[in-house]
């Protein structure tokens, strides 16, 4: 059940039996020579949508531009300042709280979002925590889950790509988008099969270290069949995890 | 050509021959008993996508939560504070400017966004305007266009719905989503065919005046065939308008 | 009745019978070769003051610097960032709400303010709309009115200046300030009688397109008698409109 | 010479021979039973205007709502948050700097503004100070002057009101507005001639301690003749001081 | 009693009998050729600590970076923007209010902090003052005290350093740090015994006027014995003043 | 070498041979029945100070109040909003960059700071990354290191406290403060030896789940000798790590 494909009376009904919602969150940033700029948003959006259908729970629109400052030297990357992202996530959460939601499960598709998301959670809670005497109002809980850490997914990744998974523009995430968007499978020459690894500093330095955008990965391993397996595993676990969270 | 389904080298190539991009922008807010919460984002997203295919230009991901404060009394509505929306639009625009884009065409799906969008444009320009000696840097131009004001569209709306178009949850926008999302066509009883009209103040007052969320409209007139005609008219005009804007 | 020429006990008395106040708002920005930098603030201030006297209602001090980013290439122009203007208008409104005012009528003198003012209204309302359970507190209503759109004024303008009114530094607003400030009537040579028209982008581009600051207007048509007629028409309508608003 | 009664070409000319401008700044806040809410803005505005005429220098519009948080329990008081005031003063200063002004003399009419104004000066300077390598750009200087501290003014006050001057709603400032606005001279019974003195904490506490709004003053001593003398003394000194500042 | 060397149950006990706390606040900024960068924070921290021991009251951790914009041209200086300092002080105060504290005594070690601190106090109070109907909640009082203005201290300074005290990098504050940190007594050649005096504008200008960082002072007069006397005088007065404040 | 115990000429000299500095960062928050409120700041401050002496590098004052929102239900806890913490860290970093520092090593003492610190790093970098053409300015690198993750430290912790280390108010951090502050060793009855474990949501919920503030730990195991070993191990590793970072 997708919020943006529902009417307000349908949401009013949903709130009669559940106070929980899932928000997919990603990033729009370079993913190397053959990875899509929307990879992180598309993966969490589609895994969430399928799980929402299967599990009968509500899925919000996707928070599709996140924290991608260190990818800015590659065209197409969009980023929020962390302070903007905190303000925007706070507004989304407060809108949901206003309607009676008490559990927000953020399904994340981008490792670089994790820090700012956790900071945003503290900002969201700060408002009520700082006021004495707020103890009786219903509380809001936010939970962050990276899709590749859902039960069984990382094991599947290790099995599929024992070598070359790397850290950015990985064959696993590219496999997922190849499965989901067969019309957008890309090709490129890879003079170096496995990209270099190392630290991340600012945007210019990033492009000097990782000239084609990958970190430690071999995207040529990606294939739609692997993507299908990853999506199915993730969806299966997500249905179960969300149910636990909603009832917690 | 959709940015999120492209790779960064594809965007780098695109920038060789064009500095213009389209950003669809909408809102996630109640649209009456049978209108979808995502109507405003979905309409501009899909019209933009089709025009981008036809016209060979670049379309960014959709800015999908906008300014919907006065719809907050209806469950499912999400809103940014205007100050947050200004910050977020500024970040999107600055990311694009950093890559060399000089023209951003914002295709808007929500009348309630217009004021904050124009405020954001001034905020985006402020940074460079306030500095003496910036005259030689390439300038950025932002343009706002509501899809229902594209050439021919409002005429078509008047022809299709001479009575009952109204101001919110209109048969025209609902027709568009019925055409685009046949799986999400909704039904409801309408004791009153044409909703009341009047002013908008705050959220509680809005729901008291317009108890089912509509303003002045008769959504029962909506039909997929009308939606198809509207989409085709809008796409046709958008291709031409964007081309002019890109070359301006 | 002007707030700044009143004492607090007088305001306390006023609040016994009315919860409505008028705030004049303008801009300090170039108005071409003979228009005053303060035109937009002075027009709304003086029309408001006279209407307040005639109608016996309360007029606040003038919000005299507004949104003038695209005039920054002309000396003397002052502007707030839109985000600052939203914060300041919010502070004014919250101060008034704190005293018990429930209706704020903003009489605007600058078209460029409209977007940011409407954004500010949404920001002002956001605070209470986002909190569940605020339904019982008295609500605040903000209303925006451009003085040239008061009943009868635009008709008078069309009659007085059928040609050459244009869009910026118009003979109508200059007539008003010539009538109000006879000591500040200015003269200049106008090699081109009617200024060019066109779009507005950033500040530098504005000055290149409109080198003397006017858009589409012929300020040589301005005269104090026309100003007198415009002021009287505006004052007359404003008294009636404000009364309706106050009682709404 | 008042900026808002000038045209942009006049300001462009002015900048040929002077980079200095005066900004009057005040507050809109309760001034006891017979003091005007606009006292602080009106005093600095009018002293500045007269000095600008006499000394031939430029005077900006008045920053008319300032820092009045602790007067909020009295109707009619308007206040900015300090953070908003800092943002707005920064925008005014940056607009002036953009045109080439290098000296801003803020003539202040409200003691409660002093702290936030000095904080704003540091915020204004921060932007350039924090960047290495900005040493060659022309610098901006802000100066704060309370009108009652201009040479000769405090001596005159002590002579005129050896007893009962007090700290808020003083006979000196009320004398000035009685002189400037004879149409707005107010009367009230004063059961207590000299108001109590003491500390200032928050707004509610202020009204409990100082029930009619005065602190330590006896406004019944105010008279237009005293106001005339104070204005003339202040104008005289201001012309000289501004000249020194402009040439510094 | 230092908060950071206490446990939460100890603070819970303390709140049974006192609602007052002292926060030392300073700056990290250049203090001339032999003054420590931490002078302002160290002086208030240590005077507060000793008074807290003697008087049995609670001392918070030190707010150690303040407002030092105009010292930025000297290496080692750290500064907050005034707007950041206001936000941070607000967060500290709100944290304390949340636990039940009602009196915060800020012992200040830096004249340049005073303006921003007072602005912060108004920001802290604004939140409750602006809301109608908050009259019944316990109020928070903030008080600012510069350590050199504690009873007896300025007299002692005048006695110890009748000549050469100056305004920045003074022998009195350097004496205090020499007494407190004998391991950090520094030496330098002083071609000019008494530094020049004058106004403060921006950071670059400051270093041009005061090339070694001092203003009007002769730090060679500093000595640990003088520091001892100043600390003891300050501690003695602080114990008494805090007690009065706590009981007010 | 501590910045606050140095003079500005000493920092100027230091910058001749090194562009690197260490900033200790902690939190002021409850640490259970016998842990100090300042634990997190004190541990990183003192480990940093000792390593700075041993390794001859520069240590800044301690950022002593961090992100402690979920501890707010326990008296004495101080917290910044994440957005404030980002602004303050940005100001510290920009001050250092202004002086020529290019490497900032943040030694962290609080797990709850990690997310907001990483968000702050992205905010700090954003300013330069977003501007095209900044490639030639020297770049700033920020690095975050938790003291308990320094080489050898976690191994030592596991050896010292194979059982009962837990997650908050751990015997290891309490051992460190017992060693460093023997005057502040605290005692309490522990009806339950090992505290419960579980998730963290908002402040009220935290206190309900963990009534004495601990999570999963047995602080009775803490002892000064263990603290000594941990400090020595951490200092030893930190000297080496900082040297690598400074030269990177």
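All chains are identified by letter, namely A, B, C, D, E and F, in their written order; residue positions are counted from 1 within each chain.
Methods note: contacts are C-beta pairs under 8 Å (C-beta built on N, C-alpha and C of every residue); 3 or more make two chains touch, one makes a residue touch a chain.
On a predicted model such as this, the values are computed, not experimentally measured, just so you know.
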Practice item. Round to the nearest whole Å and give the separation of the Cα centres of chain A and chain B. Key: 24
Practice item. Let me have the rounded angstrom distance from the C-alpha centre of chain D over to the C-alpha centre of chain F, please. Key: 46
Practice item. Please report how many Å separate the Cα centroid of chain A from that of chain D, as a whole number. Key: 53
**Study point:** Junction residues of chain E, two or more chains touched
**Key:** 72, 79, 81, 83, 87, 95, 98, 100, 129-130
Check your understanding: So how do the chains connect up here, line, ring, star, complete, or something else (other)?
Key -> other
Review point. Which of the chains are touching one another, listed as pairs?
Key: A-B, A-C, A-E, A-F, B-C, B-D, B-F, C-D, C-E, D-E, D-F, E-F
Review point. How about chain D: which of its residues touch chain F in the complex?
Key: 129-132
Exercise for review: Would you tell me which residues of chain F are touching chain E in their complex?
Suggested key: 2-12, 15, 28, 30-38, 41-42, 60-62, 64-65, 72, 74-81, 83-84, 87-88, 90-92, 95-96, 98-100, 181, 183-184, 186, 188, 213
Check your understanding: Inside the complex, what are the residues of chain C that reach chain B?
Key -> 67, 69-70, 72-73, 79, 81-83, 86-87, 112, 114-120, 122-123, 125-126, 128-130, 134-135, 139-141, 201-205
**Study point:** Complex contact set, residues of chain C against chain E
**Key:** 94-95, 97-98, 100
